[in-house]
Amino acid sequence: MRYLRGFFILTAIVVAMPFLFPDNYYVTVVAVAAGLNAILAVSLNLLMGYAGQISLGHAAFFGIGAYSSAILTTRFGWNPWLAIVAGMALTCSVAFLVARPILRLKGHYLAMATLGLGIIVNILLVQGERWTGGPDGLGDIPTLSIFGWIVDSDLRWYIVIGSVLLLVVVLAQNIINSRSGRALRALHGSEVAAEMMGINTTATKTAVFVLAALIASLAGSLFSHQQTFVSPESFSFFFSIELVTMVVLGGMASTYGAVLGAVILTFLPELLVVFEEFEVMIFGAILMLMMIFLPQGLLVGFNEQIRKWLLQRARASGGEQRRDIA
Amino acid sequence: MTLLEVEGLSKSFGGVTAIADLCFKVPEQQVYSVIGPNGAGKTTLFNMLSGIYTPNEGSIKFQNRELIGRLPHQVASLGVSRTFQNLQMFFNMSVLDNVKVGCHLRTRSRIWSAALRLPGIFREERQAEAWSREALEFCRLEEFIGQEASALPYGVLKRLEIARALAAKPSLLLMDEPAAGLNDTETVEMRQLIRRICASGVTVLLVEHNMGLVMDVSDRILVIDYGSRLAEGTPTEIQRNPKVIQAYLGGEVQYAV
Amino acid sequence: MFDQILQFLLTGVTVGATYALVALGFAIIYNASDVVNFAQGEFVMIGAMSAIALSASNGLPLWLAIIISILITVGVGMALQRFAIAPARGASVVTTIIITIGASIFLRGIALLLWGKDIFALPHFSGETPIHIGEATLLPQNIWVMGGGALMVIGVHYFFNHTTQGKAVLACSCNRTAAHLVGINVSRMMLIAYGLSAMLGASAGILVAPITFTSYETGVMLGLKGFSAAILGGMGNPMGAVAGGLLLGLIESLAAGLISSGYKDAIGFVILLLVLFFRPSGLFGKASADRV
């Protein structure tokens, strides 16, 4: 269970936060957003960090989930849970259909195609006014209730999103450390060699693409019910890019890195608000600087710094011992 | 018994003919070598045998089953494994995980059961680890087991690639220049490893430029030049073949065995 | 009907010429340094916005404002190379993508500080009297865009094929180490590539600024369109990028006129996806097979 060590730490943090900072805006409101982003980043990381398939259109599936829930519950009066499942089914079929042709592409071509996919979905959300409410969006989306426990406060949403995040992290870690997860990483390492070891790379890519899309769809539905309002802006090209940034910032091919990246990128703008009109500029500068100086991502970067520091300490104390002997 | 039978195989890239009407048979449990000058088409031949390239013409029968038209992973599932001339390691993974990928075909779990860690997964993981250790030990790599693949030197990686291929328990192993870039000690180790592989019951199809090694380990040798067959026979026959001496080895021959 | 289509074609070529310049800039940077520069659109914005600012509020004559703003943008492009791309050499493709995204947000942030969220336009270069071609009309500025675009493309083509400097930049893109070994100053060539690319972006921005309005956000969509056009033509082939740009402009203009203006961008991307599904390396790109 070594690979779940990080999970236990994460669980402890998630559980402790509301007790340490009760009724704190950052914990209850911003942390919920961070949790949703973390779910998305973990799912994207499966596709991008582990399987090496870049996607600049992940927000599309987040959007499909969100709008499925929004439309089915407000316009057709469906039960939210049923809407979530329907959204995931729809996402699954869309992802499955586009996966094969898209994942045949490589590198920048793949980046472009996924970006295009994201933009197309976003335009459909803006233009399909009859269903989606167009640029103004859709409101009055009902909240969730779990066996009569109505999720109607910030704290309750914190609990729901936190639990789903922990669940998604466990699933991701379980997959990564299994036969299928190794197949994913192998196809990132060398596609021909992976094929030669008997891995059906086409099927594997499709599977991880669909899986990542499904998780994003779930996150989208939760977002809908939590916000009770959705508009196309939340699912734009910018958000897809933001998700990619979270994954890379935390450290590719690390589930906990993705969570860290999501948390940082959600909190950063909140903290930068004090800079008012300088906010955008500072945000851009921080992003650039972090990637220039820690290209491996923060988690790896921090780990390395800590290791160096420990080594130095060990060397220093080793030196003292030698002096003692002398 | 013939394990692999190639007939009338041809492949060209645009105007370049890489393999032309090639025929040969590989008997079971032997080391069969394919030699030829640079650009003779050896790697192209391997790529066709393993399903990476589709030939223009011809047939490839492995255990009496046609390989042409199958994708690489389907070829692999029939019991063909290979190594590559340019290392194709999974540098993003540990040594153990690299070899565990080799066990892919011997294990069955699916992504959903893995996600939920259903009970069978633990057993399968232990099994895969045991098989991988076995393959690593067979290639004398047990000391590197805890390391990352990206941290290993070239000579070790060459053997790791073989360990990964062997973990699949193939009946035919294609090795593309396993000794290229190795120093003398490593080459001797490689020679012993090839012998051990063959002794363990795996048929080896070998492409190699180191003539000493080839003459020493091979049961039979096929010489190709410009994609066509120049000669075929036992090492002694090949060494005496005037056509080979003339065309390929360029006159005088001296083997450093 | 014919006149209508002619009108769409004329608009399409104008828009396409802008895309082509941005795409060409994309392709140049990509070829020189393997970086997909998501800040490409900001060059367009900076060029246009600074020209507007210089000519309007500082009262410089238009031609001088244009020259200065192109120089400013070239400086920004070189600074981008020097301070953001060069220090991150050896980083992975996605890392460099994020760096350029960071740069584009940074530049946009500066533009926001300087000029706020307002929308501006540059005066037309030579009047606004429409020219009639049959029933279709054309502004003199459209001709400026097409002509200016064509000139720049020819210039770039000449630079890469007939000048030592241009060939040296190409050499760096083929093989950095080899270029270095034969005595080419690789880091200077990189600066030239980024500067050239910035110049193309700025020119595109300035040429269209009188017809399309400009704000600090203009660069985003244009950057994306340039990237699409470069991919459509096949990354790694500068003239392919130009063709891709023109094609994309035409598709969008026809789609907007004949189908629906709301969906024109979507149609452009759908066609791009279809092209990629059938030609995974773009229209004029060479198929790359992994050799093993």
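Worth a mention:
Per-chain numbering from 1; labels A, B and C assigned in written order.
By our rule, a residue touches a chain if its C-beta (ideal position, glycine included) is under 8 Å from a C-beta of that chain, and two chains touch if they have at least 3 such contacts.
Given the structure is predicted, the values throughout are model-derived calculations rather than measurements.
Central chain (C-alpha centroid nearest the global protein C-alpha centroid): A. For chain C, the chain with the farthest CA centroid is B. Between the Cα centres of chain A and chain C there is a gap of 32 Å.
Chain A and chain B have CA centres that are 41 Å apart. Inter-chain spacing, taken between the CA centroids of chain B and chain C, is 48 Å. Residues of chain A in contact with at least two other chains: 192. Within chain C, contacts with two or more other chains are made by residues 292. Residue positions 52, 84, 88 of chain B each touch two or more of the other chains.
Residue ranges of chain A in contact with chain B, taken from their complex: 171, 174-175, 178-183, 185-186, 188-190, 192-201, 207-208, 211, 253. Those residues of chain B that touch chain A in the shared complex are 50-52, 71-73, 76-77, 81-82, 84, 88-93, 97, 100-102, 104-105, 107-111, 114-117, 121, 124-125, 128, 164-165, 168. Remark: chain A residues 48, 54, 101-102, 104-109, 111-113, 115-117, 119-120, 123-124, 126-127, 191-192, 237, 241, 244-245, 248-249, 252, 277-289, 291-292, 295 touch chain C in the complex.
Residues 30, 36, 84, 87-88, 91-95, 97-99, 101-110, 112-113, 224, 227-228, 231, 235, 260, 262-263, 265-266, 269-270, 272-273, 276-277, 280-282, 290, 292 of chain C are the ones that touch chain A when the two sit in their complex.
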